[in-house]
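What follows is chain A paired twice: with chain B in the first complex and chain C in the second.
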Partner chain A sequence: MGDRPDDVAKSDAPRGRARGGIAPTGKGARSFVETGLPVLAIGVVVLLLPLFLPTFVSSLVTKMMIFALFGMSLNLIWGYTGIPSFGHAAFFGLGGYGAGVLVLRVDITNFWLGLLFALLLTAAVAAILGFPAFRVFGVGASDNPIYFLLTTIAFGELLARAAIALRPITGGSTGLAGIPHPDLGFGITVTAGRYYYLVFVIFVVCLFIIYRIVNSHYGYALRGIHDNERRMQALGYNTWLYKYTSWIIAAVFGGVAGVMFAYFGGIMVPNNLSMITSDIAFLVVILGSTTTFFGPIVGSVAFVGVEYLASLYLPERWPLILGSLFVVTIMFIPQGLGVMILKLWRRLLYGAA
Partner chain B sequence: MALLEVRNLSVHFGGLAAVHDLSFVIEQGERLAIIGPNGAGKTTTFNLLTGQLKPSSGEVVFKGEQITHASVFARTHLGMARSFQITSLFPHQTVYVNALIGLQGTQRSRYRMFRPLFKDKALEMAAQELLESTELWDLRGEIASSLAYGQQRKLEMALSLASKPDLLLLDEPSCGLTTTESADITARIAALGSMITVLMIAHDMDLVFGVAERVILMHYGEIAAEGTCDEIRSNQMVRDIYMGSRKTLGHAR
Partner chain C sequence: MSTAIVIGLNGLSYAFILFLLAAGFSLTFGVMGVINLAHGALFVLGAYVGLEVVARIDNFWVAIAVAALALAVVGFGLYFFFLRHLYNKIPEQAVLTIGIAYMVANVILWIWGPVAQLGHAPGFLTGAFKVGTLSFPIYRLFIIGVGLLILALLWWLQDRTRVGAIIRAGMDNKDMTVSLGINYGLVSTLVFLLGMALAGVAGMLATPILGSYPSMGDNLLLLSLIVVVVGGTGYIQGTMLGALIIGLLDTFGKAYVPEAALFFSYIAFLAVLLIRPSGLIGRKVF
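Let's turn to the complex of A and B:
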């Protein structure tokens, strides 16, 4: 598997990560021009987009934001802690089903309550699954994660089976259809056109939280575990606890993406819990890069773009295209589009280096 | 009370008794060296002491506490730290981040999820101090894996000191270094001060006799001889075991 973040980091890290590290002298290195400006510019463009472009574009961008968050949640454990999971859709689906079930079966229509319930549900399930998962994923397991990967696939398939079996609650194999427009309380219902902004706000908030987490004390401990878990233990870190908690955090953000997805399409199907959907997160991360924070956003833009073009021109060939996308990415841009863009941007700013 | 007490410690890998019925004691402030040929079980002993390996039988008592089955990180919090024979750093991080991660391992702040690591003034001061004392401060912006080997060994040493241990376990600290670098490390260890008790594994006899007060010779997982430097130097068994091996005792001061 060419997706071990280490392979990537070796080539990229000397420039990529040294910057933040040279404190106190190098603190200004991540200057406003380098990061702040593009973030602001993109933010404003995305915010104003629906005013100028047709609805189908904002619908695509909504999807990009949802899958970007889905990818970033996977990247939290994969790119930072070094735990690659093949079953991340389990949490995506749980989030979506959780919110949907609350609206359709329990008749609690408030969006925020649905979100809260979905998050608690994903956190609880992740907390339970984390125990067997990290028995399999012991110290140094990132060198040979195959058993862990199989275990995480099993989680997703198991939940998908459960969703099919629990027909009265989940709608069985046809799925949970008819999820209404989100009701924000205070008599505000978000119409299709406005949903874009709700997703935007939630996306930005999640982005901010994840950004804070990965750059915190805790976040650097995760990076340390990725690099060298044995050393981390010798330094006094309870590495199991970090792996376990970061797994739950990743699950919760995956759940948020799932909730947004459920309201986006108005339907959840068992496949949203299984491998097919996990692949999306996986691809979004690989496309974007596991070594940059924003990588999955780029990955998601690319993924949703290709998916859209495929649906226009080659609708029956999607599995083939999906597979090719995997292969092409791994072969030709193993470090990911995120790293590529970062390099180009820095070259543009600072001249050839 | 002894700082560390090892009682009848054994571990088996399949049929191989890598460590067999090992017992010894280290007093507070002591400098003890373990020597022995390749495969004698020295590193395995360290792994048993630090908890990376669980013994088949026997016990380890540290500061009067039974730690035979304690986790690795719990022992670090109790005041034990180690360096690794095979350099064990955070290869993709800068020297500076290596130091920060190293230092916060025993601090409460390590669980802080919302505070940026780079805004912790106290931690930054400590990192500067640690890196200056190991002469790595000027290299703080370098990625650890890009350092020269001698510098990586220094960082290895810095990381093992980061938790301010009471008992420091050094696994061949001068392994693979040039004579000058080796002498430098020897001087550093000798200068550690009596607050830190040192147990080290070494092949380099200059290092052993330059630092240690007492020496244990391991052979086939057991203690073959034990004594002061002078006793070990004149011990026939030590001569036999080391005869023909790459280091000769006649070389030592």
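Let's turn to the complex of A and C:
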């Protein structure tokens, strides 16, 4: 590939430019080939998948999309704002429980109302928990986040215990079972096969919104807080408000993932609020990478894929495999699979980097 | 009144179990700044190793020694191969040790099966201690005694020895400590091993009261987090205070208001984190 004139020009370019990828033509064309094409291709493949492949594949892909959204919502605060929350499942579970309780206990079966209720619930709880959380978090990404980690663990466990204690509403420790297929209103009930498309549409919409958020002025301010919060304060930003709002936004998207998960499995259990589920979000993000936008999608695909293979061949050794995924990721691919794929893709496009 | 005394004594012995559970965690977390979320799972591993020894050669003391040794070996591997490379990277340490916790719990399940095991106190420690109409199991008194002994040992190590001074110095400024010619790596490895060995001892001692099952590690981990944070990080006496508060709160709570007791320790945990993140008598570690 090295015989094209652009490649020669590139090898002479200063390192700073080379890292961003040198485009043969203008910016628009480059980002279309580099970003738009793969996004479009993957989108089309995912859209057409259920037509050609057996049901279990589309169910796997549904799960991948749900956990990818869950991971992306955590990445919004962890990767962009630099807040590693350890209790993100609190919002995932809250969303799922919110929608489930509305369907099963209040008898409001409309999917959109359930979604709306779940989102308001997660936003409200996140708004309340945000005050103590950021009191503990303090200022500056250089501060050690250990007490914040512990606080967010406690949030999740507290909610899980509340879910166990409030048996008449939440079903106690056996969980909230029998959540029906979503009813979209106008007499449309989404069956198991079509649920895939519902998740796909919601996933794409959320992805678009998150993309717009992180690439807006607001998103750049979040990255600034990640890099140097004191400097952002000196520049006149109310960094507390930025952190607080990004925490609520992340919680809401976590809640959306939770709602989709509740309808996907038909059941919510207290563990969906506690550390066990938060760990999944953590793994998805760190496996994918905290420094790229699409990282959690890669992480989720890898996680769900490995989980599926393990359930086929070694179901009873799954926690061992899961644990070694954590260890291998941290020790050997700390930058995440997302960065590796990005580098590989750029190398394919532009020749050796 | 007499029931309150018995509940109080139960709470006290529970507090010392919590202290034993959290002491190793506190040592590595509060003193070295390493967050080991696999502590609960490793504690359970210690219990299972000890029970295995008891089943084979039926000697309580040998079982405790083997459990301590086994965990020290595991701890050495954990520190040397993994945690040493993640100095001051808290989220990374947390993710790594969560992974280790999953692996250890599954290995325990693999080797010993899912059935809960109840260790038995050795013959000379069974029976009850009677004062008037009150009776109290001797084994629980034994736990309190061992707890006090370990507290004294760790307190001495922390305040009166060179090792304690080095660890405190390393916590404040690792580079400075190293540049003074002190082998901080060696000392911190040894302290980590001590913390792990303590987890083994505690796991073995606690089985006659708590029982052992492969998945109990998560709950134990949360308990140790709560104890260490409430009492205070950085000092072993803080851990003791936290264990006393949580142990008594939980035992009295379960006796008098069972519905709400589930939340007590978490509320105490959050309250302390909000008001004084370094704990009641701790110093701010980070």
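The rule is short, and it goes like this: the second predicted complex is superposed on the first by the 320 of 353 C-alpha atoms of A that agree within 3 Å, B and C clash if a C-alpha of one lies under 4 Å from a C-alpha of the other, contacts with A are read in each partner's own complex, and residues count from 1 in each chain.
Everything that follows uses one rule, which is that a contact is a pair of C-beta atoms (placed from the backbone, for glycine too) under 8 Å apart; a residue touches a chain by one contact, two chains touch by 3 or more.
Keep in mind the model is a prediction, meaning the values are calculated, not measured.
S.K.: Just to be sure I read the superposition right, which of the two partners does A:Ile146 touch: chain B = first, chain C = second, or both, or neither?
M.R.: second
S.K.: Quick check for you: in the superposed arrangement, does A:Pro180 touch first (chain B), second (chain C), both or neither?
M.R.: neither
S.K.: Where does A:Thr239 make contact in the superposed view: on chain B (first), on chain C (second), on both, or on neither?
M.R.: A:Thr239 contacts chain B only, not chain C.
S.K.: Touching A:Asp227, do we find chain B (first), chain C (second), both, or neither?
M.R.: Touch partner of A:Asp227: chain B, not chain C.
S.K.: Based on the superposed arrangement, let me know which partner A:Arg212 touches: chain B (first), chain C (second), both, or neither?
M.R.: A:Arg212 sits against chain B, while chain C stays out of touch.
S.K.: Report for A:Arg135: first if it touches chain B alone, second if chain C alone, otherwise both or neither.
M.R.: It touches chain C, and chain B stays clear.
S.K.: In the superposed arrangement, does A:Arg317 touch chain B (first), chain C (second), both or neither?
M.R.: second
S.K.: For chain A, what residues appear in both contact lists, the one with chain B and the one with chain C?
M.R.: none
S.K.: Please name which positions on chain A make contact with chain C in the complex.
M.R.: 84, 86, 132, 135-136, 143-147, 149-151, 153-154, 157-158, 161-162, 164-165, 275-276, 279, 282-283, 286, 316-320, 322-327, 329-331, 334
S.K.: So in the complex, which bits of chain C are touching chain A?
M.R.: Residues in contact with chain A: 33, 35, 82, 85-86, 88, 90-92, 94-96, 98-107, 109-110, 218, 222, 225, 229, 259, 262-263, 266-267, 269-270, 273-274, 277, 285-286.
S.K.: Looking at the complex, which residues from chain B come into contact with chain A?
M.R.: Interface residues on the chain B side: 50, 52, 71-73, 76-77, 81-82, 84, 88-97, 100-102, 104-106, 109-118, 120, 124, 140-143, 145-146, 159-160, 162-163.
S.K.: Can you check the complex and tell me which residues of chain A touch chain B?
M.R.: Within the complex, chain A contacts chain B at residues 6, 9-10, 13-14, 17-18, 20-24, 26-27, 212-213, 215-221, 223-224, 227-228, 230-239.
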